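The structure appears below as C-alpha cells.
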Amino acid sequence: MKQSVFTIQENTPLTRDVMKMVLLGDTSAITAPGQFVNIRLAGRFLRRPISVCDWDGKTLTLIYKVVGHGTAQMKAMVPGEKLDLLTGLGNGYDLSVAGDHPLLIGGGVGVPPMYGLAKALIQAGKAVQVILGFNTWEECFYEEAFQALGCAVTVTTVDGSYGTKGFVTDALPEHYTHFYACGPEPMLKAVHASTATSGQLSFEERMGCGFGACMGCSCKTLTGYKRICKEGPVMRKEEIAW
Amino acid sequence: MVNTKVTLCGIQLDNPVIPASGTFGYGYEFAELYDINCLGTFSFKGTTKDPRFGNPTPRIAECPAGMINAVGLQNPGVDQVIREELPKLKKVFHKPVMANVSGFSIEDYAYTCARLDQEEQVGWLEVNISCPNVHGGGMSFGTSPQAAGEVTRAVKAVTTKPVIVKLSPNVTDIVSIAKACEEAGADGLSLINTLLGMRIDIARRRPVIANTMGGFSGSAIFPVAVRMVYQVAQAVKIPVVGIGGVSTAEDVIEMMMAGATAVQVGAANLTDPFVCRDIVEELPRAMARYKIQDLSQIIGGIQLWEKT
Amino acid sequence: MVNTKVTLCGIQLDNPVIPASGTFGYGYEFAELYDINCLGTFSFKGTTKDPRFGNPTPRIAECPAGMINAVGLQNPGVDQVIREELPKLKKVFHKPVMANVSGFSIEDYAYTCARLDQEEQVGWLEVNISCPNVHGGGMSFGTSPQAAGEVTRAVKAVTTKPVIVKLSPNVTDIVSIAKACEEAGADGLSLINTLLGMRIDIARRRPVIANTMGGFSGSAIFPVAVRMVYQVAQAVKIPVVGIGGVSTAEDVIEMMMAGATAVQVGAANLTDPFVCRDIVEELPRAMARYKIQDLSQIIGGIQLWEKT
Amino acid sequence: MKQSVFTIQENTPLTRDVMKMVLLGDTSAITAPGQFVNIRLAGRFLRRPISVCDWDGKTLTLIYKVVGHGTAQMKAMVPGEKLDLLTGLGNGYDLSVAGDHPLLIGGGVGVPPMYGLAKALIQAGKAVQVILGFNTWEECFYEEAFQALGCAVTVTTVDGSYGTKGFVTDALPEHYTHFYACGPEPMLKAVHASTATSGQLSFEERMGCGFGACMGCSCKTLTGYKRICKEGPVMRKEEIAW
C-alpha cells in the first residue's frame, strides 16, 4: 500500500452515470488486476474505494458509477485537480490458475477490473473470452476496448436492447478453463451456481479504512473470517460460503 | 529541545500519542507502513474471552466529519491473541503495549485480564466497559456506577498491571461513573468511547448499518470528548487518557489542556493511515508554536474565564 | 404532485420544515431576506418569565462540522415578547407559530406558558427542559424522568394548546424521559437539544467560551439526533419533532424516516440564512428522486435488516 | 444583507501576516464604511467576519490578518477562486456627525475600515486626520494609501521603529470635531478615555451568524443590550459601558 497524490488527466463520461477517470501518479504499489484504490475527497470523512480498471508505470484508469455524493463530487472534478489515493489495496486476481481459455464475467460497474485482467491475461498468451452484462443498451460501455485487446466479447442486456437478451449466465460458453467474475451480488451468486470450473469472484462491502485496520468489511468464508479489503476483494469460488 | 514525554500510570511514554483500540489492529499492518515504535504506545484490538465474528455487515456508515462502526468486537479470542497476535506484535513493536479487553460478564473480564496479565509486553490493561455494539454487555457496564465499579474491582483482583477503564459518553453523568471506577481501584480512565449513532439509507429505507445503530466517532465528536475529559479530570486524581475525534497535534494539545495525560487517536487512522506518525512528528513543532516546553506541564493547564 | 403536508398535534403544516428556536429570532430578521410564510412554522427564541441578558461573551466556538453556543437564553422576558415581539412577528408570518419556553422552576414554566397560551398566533408550546447553558434549571429538568414529568404536568394544566417537550440528548436513557413526558400528558416531543461540548483556545490556554462549556450543534450531531429520534419514536405514541444537524432536504427525509413528524433546522440557519427556504424548495424534488409521493407516509417508515 | 458569490481578483501580502484581497461581485448591499462581510470557507462551519476596507460598484477590498486556520485558508486562495459572502452586515459608521475635522484612529487590523471611511469623508469635503497604530515597523501598512486620499497621516509604533513611538493615544491632535476608532479593545479603551469629543468605536466579538439571529455576540451598553453584528459593530462613545 502506498499513499500518494495523483493528478487528474481525464474525467469523461462513458454513459449517463459511468465516468472514466485517468490519473497521473505513482502506481508502483499496484501489483495485480482486481485491486482497488481508496480516494480521499474534500469534505468527506471516509475515502471512496474504486476498483482499478487499468494502469501502467505512470497512469491509472478508474471507471466509476455516480451513485452518491462522493462519486458526484468526483464527476465534477476537472483535469489538473489532485486526489489523495491509497493504492495497491486488496489481493487482486490470481492469474496463475487461469488455464488456457479463461472466462471473464463483468456486470455493470464490475466490468472495469475485468479490463486490466484481460490485458494481463492476453499478455500472458491466454485466449480470453469476456461476457459483459448490462441492464440496457444505454448503460453499455467498453465492449470495443475489450475487443481491441483481442478478447472474444459477448454483451448481454437484461432488456435485450443490445447483444444477447438476459443475464450473463445466459451467455456462458461451453468451454473455459477458469472464470473471473465481478458484479452485483445476485450476479455473483448466479455465476457461482452456473459455472462448472474453478473461479474467482470479487466482492463489495461498505469499508471503513480499505486496508485491513477496522474490520468493517469482514465476511465469513469456508476458510475462516476474511476482510474483503485485505484478504479480498477476490475470493476463490471454493471458499465462498453460499 | 521540547520534552514530549509523559508518564501514564507509572510507565513513561516517549510521547502521548496512542492509536486507539479497534483502529490499529495488533500493530503489524501499520508496521508495514512506518516504524510504529515512534508511538507512545498503542491499544490493541478489543479482546474477549472467546473468539467473535462480530456483527453482520454493513458495519460502517459515513457521517459529516465522522463515521459509525458496528464491528461488534470481532477478535480471535484471548487464547489465540496470546498465541498468534502478540508474538507478531512483539516483532514490530518494542515498547509496553496497551491491552484492550471487553466482556459480557464480570467473569469474562476477569478471565481475559488474568490471561493478559501474564504477558510481559502488556503495560496496561484498558478495560472497555463502553462498547455500544454488543448486546447484553459492553456498554451496560459503562452506564451504571455500580456495575463499572464491580468490573474494575474484579479486574484489579487478577492483575498487578495498571488498569485503565474506558468509559462511555452515552451517559447523563460521566463523573459519577469515573469516580466509581476510581474508588474501585482503577489506575486510570480513558474516554470517550463512541457515541451511539444511526444513519438511514433513504433510497433503500433501511438503516445503513445492519445492526441498526453503531458507535459514532471522528472529528465530529471532539467537542464532546474535550468536555467529558475536562469534567472527569477535574473530578478524579487518577490520570485520564483523552479519546475522541483527535486528528492533529493541536487536538492532542487541546485534549491535554482539558486534563488528559495521554491521548488516543481513533477513526483518523482509518482515513489517514499515517496520521499517528505525522502527529508524533508535528508535536514538537506545534509545541514550539504554542510556547510549550514540557508537554506534561500543560495537562489540565487552563485558566477559566472570570465570572462576570 | 407530491404532498409535503404533515399534521403536528392536530395542526396541519404545509411542510415539515421548522427553523429551530434560537436560530431564527422572532422571524422578522429573516423576513427581510425571504417570505418566511413558505415555512411549515418556526419556533421562536426561547422565552423566560423575566428578561435575561444571558451569559458573558464569547458565547460561540467553532467545531468540525458544528459550533458551540452558550448564549444562555438571552430574551426580553415573556411580557415584552408578547407586547413587542409577537406583534412584529404577526406582520411577517401568518401561520401558527411555535412558542419556545424555558424556566428555572416549575412555576416559571407554568407562568410563561399561561401567558403565551393567551396569544392567538401561538399554535404549540415547545417546553425546553434541555438548555445546557443555564445553571439551576434548564437541562436539569431534562435529565430526570420525574422532573420532566412534573414540568409537563404543570404546563399542561395552564394551557389548552398542544405542548411539545424539548428533550436533552445528554442522558443515558432518553426513552425513559420521553415516556415520562408522554405519561404526564405531553402532546409531542422535540429532540435533540444540543450536546454539551467544550473547546479550548490552546494559544491563550483558556476555554473558547466564557462559560467554559456550551451547547454543541451542527451537522456533526446529526447521527446522534437520528438515533435518538428513532429510539423515542419507537417508544412513544405522540409525534416527535426531529432536531439536530439538519441542513438539507435529504436530512429532513432521513429524520422523518427515523420517526419524526416534522423537522427543525437549527445551526444551519446561522451559516446559511436561506437554508430553510432552500430546503422547502428542494423538498419536492428530493421526494421525487426518492419516489416519495406523500411525505407523511414515510414517518418512521424503515425496515430493519433481518437478524443473521 | 445579501448572499452572493464573489471572485477573487487579487490576494497579495501587505506585511508578513496581513493580506489584501480584492473581490469582484455584487456590492450593492454595502451601505456604509465600517460594515463587514461574512465569508464561507470550504470545510469550516462558521463564516469568517472581515471588515470592509473599500468598495465600489463592482469590487470589494478586504484586508485581513492571518490568525488561524480560516484566514490561513484564505491566504492560500488565488485569483479566479470564488467565495460565498454575506455582504452589508452591521451598522457601519455614521458620517453625518463627523464635523469638519474628524479624526480616524486605526490600530493593526483596525486600520482597514478606516480607509473606506476616510475616502467617504474626504469625498464629503472633510479635512481628515488619521492615526495608524502598529506594534513595529514591519507590521505597518497603508500609510501611503491614506496619504493618497489626501489625509494627514500619523503613524505610531509601540517600539518606535517607525513614526511616533508609543500608542495611538500618544499622537492625539489638539483639535478634532469627532473621532472614529477601530482596533483591539485595550486601544479602544485608551481612546475612549483620552478623547474629549464625541466619537464612534468599532468592536469585535466571536460571532455565530453575523446577521443578528443567534445572539452570540451580544453586549451590554448604556442604552440596552446590543448585538455587535447587527446594532454594531460601531457603537457611539456615549453608549459604551466602561
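Just so it is clear, A, B, C and D label the chains in written order, and each chain counts residues from 1 on its own.
We take it that a contact is a pair of C-beta atoms (placed from the backbone, for glycine too) under 8 Å apart; a residue touches a chain by one contact, two chains touch by 3 or more.
The model shown is predicted, which means the values in this text are computed figures rather than measured ones.
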Sorted by label, the chains bordering both chain A and chain D are none
Between chain A and chain C, the fewest touch steps amount to 2
When centres are defined as mean Cα positions, the distance from chain B to chain D in whole Å is 46
Between chain A and chain B, the Cα-mean centres are separated in Å by 36
Whole-Å distance, C-alpha centre of chain B to that of chain C, is 33
Multi-chain contacts in chain B, i.e. residues touching at least two other chains, fall at 61, 63-66, 219
The positions of chain D in contact with two or more other chains are none
Among line, ring, star, complete and other, the chain touch graph is ring
The answer for chain C against chain D in the complex is residues 22-25, 29-30, 32-33, 45, 53-54, 57-67, 69, 71, 74, 208, 218-219, 267, 269-274
Listed in rising order, chain B residues that touch chain C in their complex are 56, 61, 63-66, 68, 143, 170-172, 195-200, 202-203, 205-207, 210-213, 216, 219-224, 226-227, 230, 245, 250, 253-254, 257-258, 290, 298, 301-305, 307-308
Within their complex, chain A touches chain B through residues 1, 3, 40, 44-47, 86, 205-209, 211-220, 225, 230
Touching chain D in the complex, chain A uses residues 42-43
